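Shared between the two complexes below is subunit A, which pairs with subunit B and subunit C, respectively.
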Partner chain A sequence: MKRIELTDIKKAYGETVVIPKMSFSIADGERLVLLGPSGCGKSTLLRMIAGLENIQEGVLKISGEDVSNVAPGQRNIAMVFQNYALYPHMTVEDNITYGLRQNKVPKEEVEKRLDMVLDMLDLRVYRKRKPKELSGGQRQRVSLARATVKNSEVFLLDEPLSNLDAQLRVSARQSLLDIHEKFKQTIVYVTHDQIEAMTFATKVILLNKGEIQMYDEPYNVYHHPSNVFTAKFIGSPSMNIMEHVHIISNFIRIGKQRMVLDREWRGYLEENTNYFCGIRPENLRITKKKSEQEYSQIEATVQYIENLGANFAVYLQVEGSQLVAVIKEPDFDVNEKVYIEFLQDHLHFFDGTTEKNLGRPASLHSQRQ
Partner chain B sequence: MVLYPILFAMDNAMKTDQQVYAGLTGWLSNGISLHNYIDIYERVPLLRIIWNTFAISSINTFLTMLVSFLASYVLVYYRFKGSDKIVGLFVWSMFIPFTVTIIPHYLIVSKMQLVNTWMGVVIPQIFSGSAVFLLIQSMRNIPLSLIEVAKLENISDRKIMCHIVLPLVKPQLIATSIWFFALTWNDFIWPNRILKDTTSYTLPLILQSFISGEGGGGFTSAMAMSVITMIIPLILYLIFQKHIIETFTSAGIK
Partner chain C sequence: MELNQREKIKSILFLSPAIICFVVFLLIPMLYTVYLSFFDWNMIRPEMDFVGLDNYIKIFTDETTYKVLRNTFSYIGIILITNFCIPFVFAFVCKFVLHKFANFYKTTMFMPGFISLIVGSVIFTWILNPIVGPVALFLKEFGVKMPVWSTTEGLVIVVISLITSWKSFGYNFIMLYSAVSGVSGEVIEAAQLDNIPLRKIFLQIVAPMTGFTSFYMFVMTIIQGLTYVISPIDVLTKGGPNYGSSNIVYAAYFKAFYMFDTGGAAAMAVITLVIFGFGLFLLNEVVGKLVYYEN
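Right after this comes the complex of A and B.
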């Protein structure tokens, strides 16, 4: 069932068009993450769903009803803000129950929901405290609690974890997952942090400049990015994108060098056109010794080596561009000449003009449906 | 430095003119004597005048705060055509010299037949540009997300105003109220236009007659009158001091 539907939505502030024309729908119970760089329109979209920004053109439907012009309080939506937005002059329990009490929810029901949420989020000890007496993590939990007691079908979160330190983020994510497990709301979550997106989402919408770049599950967004933007945005270090790559009979030509194409790839792409070629750092192999097989490797010089903890990131100079490889143990040094192999199962080719991913031959690693 | 004139007045209020002219100096050199105060009490309707002053100051403060709060709330939270210009108008009105508005205000008050009444003094004053300006600034300091959360919880505008905005601007409201109360208490020129007979007078007005010698008296009577005029706000401040300070310090720790 489609819980949220957006059709031909447009939003502009005066001359600046933030969202030119957008349509998509969100299934019931989905954990959808709106991901993208600053200014891509993700917060604007979220606020339009909430009713805090008006929709200039287009239709927004929630649970089948047109709510484009309905007041935010009437949409049965709960929202968590980045700065928590707790009422400073009220205690924790007053903060949590204020909305319920003002909407004439019976006292026993209010008590019951308050109890449940205090236990679920470990806030019982703090119930009589005011926000200024709480830490950031505690305030965030109160904010979550306030949204949860509403029992609404849709749960919106605007970068809720960005003010927390790394450890707190992990436990806060877990709390969120617990809440979703129990209540099965449709969650729309805005973030610019791709790790948050990939770990939390059942579906990801990647946005850039008000347009959807890709709308798919995290696995596909990572392993089968639909265009160059997506390929570069997801993954750290970013995917290596080589420009002006050509296919010449059974070879890939990168700059002045050539590499033999694996059998599976041959004939899949056209010759005499420009491509972007992408490969993730973890799918590169580096050797000190040149292989006996002709044209199976590309020469490169090591620029510098970064210790990432579990791995090493090796920055290489190839034909005037930079490639990054992630490997376990480098057995070479900076400024040395080395040889790179591609794991061609994990190559991506993007159209030279449209930048769209051209897919792979069926025999190779394909999209998860 | 501030205390000296106050103590000077209090001291001299308890002497007779002859003693002052005779050069009697030194604090309480004549002992404590309330003869001047009794004299004033017999000569003018003192209690009535004190009551007038208190009533006018309180009503003016209360109504000004009420009107300013409501106006600021609308100007901050409802964007409509020209709302920015209206805010500008309020700020600009702060710069209009008082002397320019006296006559138009008087004409309005007399047309409303409120000359020589409390409301005649109060009504032209309650539309205060400075109070509105101050409250607008305080409201703009409240994070908008608080209001948005309340809107999402289906809280009505009236409740947002009373339960959320009002408590959060309370320190500024209290500070402005105190200032207005004191200002109104000591106001001379405007009440002087509106209030016509002694029974309607406020303290500054009757004080003036003591100083200028119209009502008779002398130096020490005038001193006594001064003490009466200043002492009541001072006592009020001392009573509410703890609360006032608490409000200001709690506003700081957010």
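Right after this comes the complex of A and C.
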């Protein structure tokens, strides 16, 4: 019912094309995160859904109705802005209820909704204060409250947590999830922060240069990235991508070194083809001593070691390119020669030209549906 | 103690240029005006006759004083509309409603500010000349006879107000535009999403949020309406017809420099000072308290 559908949407500012042509739809009650680096068009997309940017070409439907040319105020959309956009001369209470009062919602109803949201977001004690007397986190909650009282079926958020510190983000995220749990709105959430995307989304759209790179559940975006861009963008430290990897009989050849390919992968890939080979830092194993088993490892030099707190990130030099491994505790030093092994279940092969993920053999665990 | 003394001298030294200017050019002339208002003098005669409150009594019993005072408020009223309300709305429209040509409008509206008001008045005497001026010729094409505005009571005030606002409109517009630009675009968008009509966005969000500057501009416009009009009055009508276009400041000027009634002029200046000093004090007390200050 509260489905959002975009068909052949296009947006350009003069000569600069922001979104060449895009179509997708968002299911009822979904928590969709639009994720991407800055300038990828995610905010533009959100603002087009809100009606704050006009849609040059294509059709936008909300709940089955074409709203491409409907004024923002008529779309019944609630939105939370990056800088909260509170009315600085109004109290918290007035900020929350201003829109309702102006739209002639009956007084008792306004009071009821205000009461509910004040309790829900823990704002009751601040109701008579002005925004400047509140902290960042409190302002954020006020802007959430203001959006919530509208009872809109579509809830848009433009980097709502980017001005908060790490701890406040966690609690604000929780408030958001509570709101969604209660009202089941269709949420579109824009962020460049992958942690927010992973923790909050039921679906993620990863954008780059105005094009959808992947549209899937967060789990699949992480574990089964559709292409090299997705693989590199999601995860920190990001996935190791080795270029010019070849398969020769039962070996993977990386530069001058080679490694035996697991049985599952054999026959899945073509020989003498140029691949990108990806593996996440946590799927590398490092040993100081060379394994007895021949060709199970490749040689590397430790460049430097970063302390991440719970883990260590080890930067390795392999055949002129850099690989990162995340391990519990290093038992080696910088500049030492070590041996690395890949957990081949977690290997990804991408086409050497299109950079698309070539998938994996059926015998290995596949995508979650 | 000694250090304190030195600090004191230092601070007096630093303040002295400003204090000297203030005293020599503002305070002494002001007090001297008050002093002059009790005398009958024509600026040339060596002796000044003390007449007590006679000058004030003469002014308050003179019918024209009330006429001139009414004119004064008419000027202020018109100029508040043309030079405060309209540029305020224009600023809002240029910033948040128009998406094209906003820069063109901004530049165009500021341009008359570069031209002296005296020159502007001379240009307008030609443009608005009721017989040979382009406006009159244009109206004639449609069979409309242009009234001789400079001798028509009421109309003359409107025309002079418009000429005055033509000059200072741009400055007021730019000031208000910069205030309006201080309102975050997100706030306006939030209001748009809440289905608030533009009229209310302006009155209930932009106006209070820019209260600090707009209140200042409101007061400045009153002062413009009081004082700026005297140049066009002097060039165009000399206060005529029958004081129909004179305002209180021009009336004082006229008394002093055309009638050489220095005492009367001084008394009128003192009355102006009292009325507007008190008015602005009241305004600040009442409206100033409502103004929203960002910090």
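The rule we apply is simple: the second predicted complex is superposed on the first by the 367 of 369 C-alpha atoms of A that agree within 3 Å, B and C clash if a C-alpha of one lies under 4 Å from a C-alpha of the other, contacts with A are read in each partner's own complex, and residues count from 1 in each chain.
By definition in this document, contacts are C-beta pairs under 8 Å (C-beta built on N, C-alpha and C of every residue); 3 or more make two chains touch, one makes a residue touch a chain.
The structure presented is a predicted model; accordingly, all values stated were derived computationally and were not measured.
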Superposition on subunit A - do subunit B and subunit C clash or fit: clash
Subunit B versus subunit C as contact partner of A:236, first or second or both or neither: neither
Subunit B versus subunit C as contact partner of A:287, first or second or both or neither: neither
Partner chain in contact with A:25 - subunit B first, subunit C second, else both or neither: neither
Partner chain(s) touched by A:363 [first = subunit B, second = subunit C, both, neither]: neither
Touching partner for A:73 - first (subunit B), second (subunit C), both, neither: both
Which superposed partner A:52 touches (first subunit B, second subunit C, both, neither): both
Partner chain(s) touched by A:102 [first = subunit B, second = subunit C, both, neither]: both
Common interface positions of subunit A, toward subunit B and toward subunit C: 50-52, 71-74, 77-79, 81, 83, 85, 87-89, 98-99, 102-103, 132, 146, 150
Subunit A-facing residues of subunit C, complex: 184, 186-187, 189-196, 200, 205, 208-209, 211, 292, 294
Residue numbers on subunit B that touch subunit A, as the complex places them: 143, 145-146, 148-155, 159, 163-164, 167-168, 253-254
Residues of subunit A touching subunit B in the complex: 50-52, 71-74, 77-79, 81, 83, 85, 87-89, 98-99, 102-103, 132, 146, 150
Complex interface listing, subunit A residues touching subunit C: 50-52, 71-75, 77-79, 81-89, 98-99, 102-103, 132, 146, 150
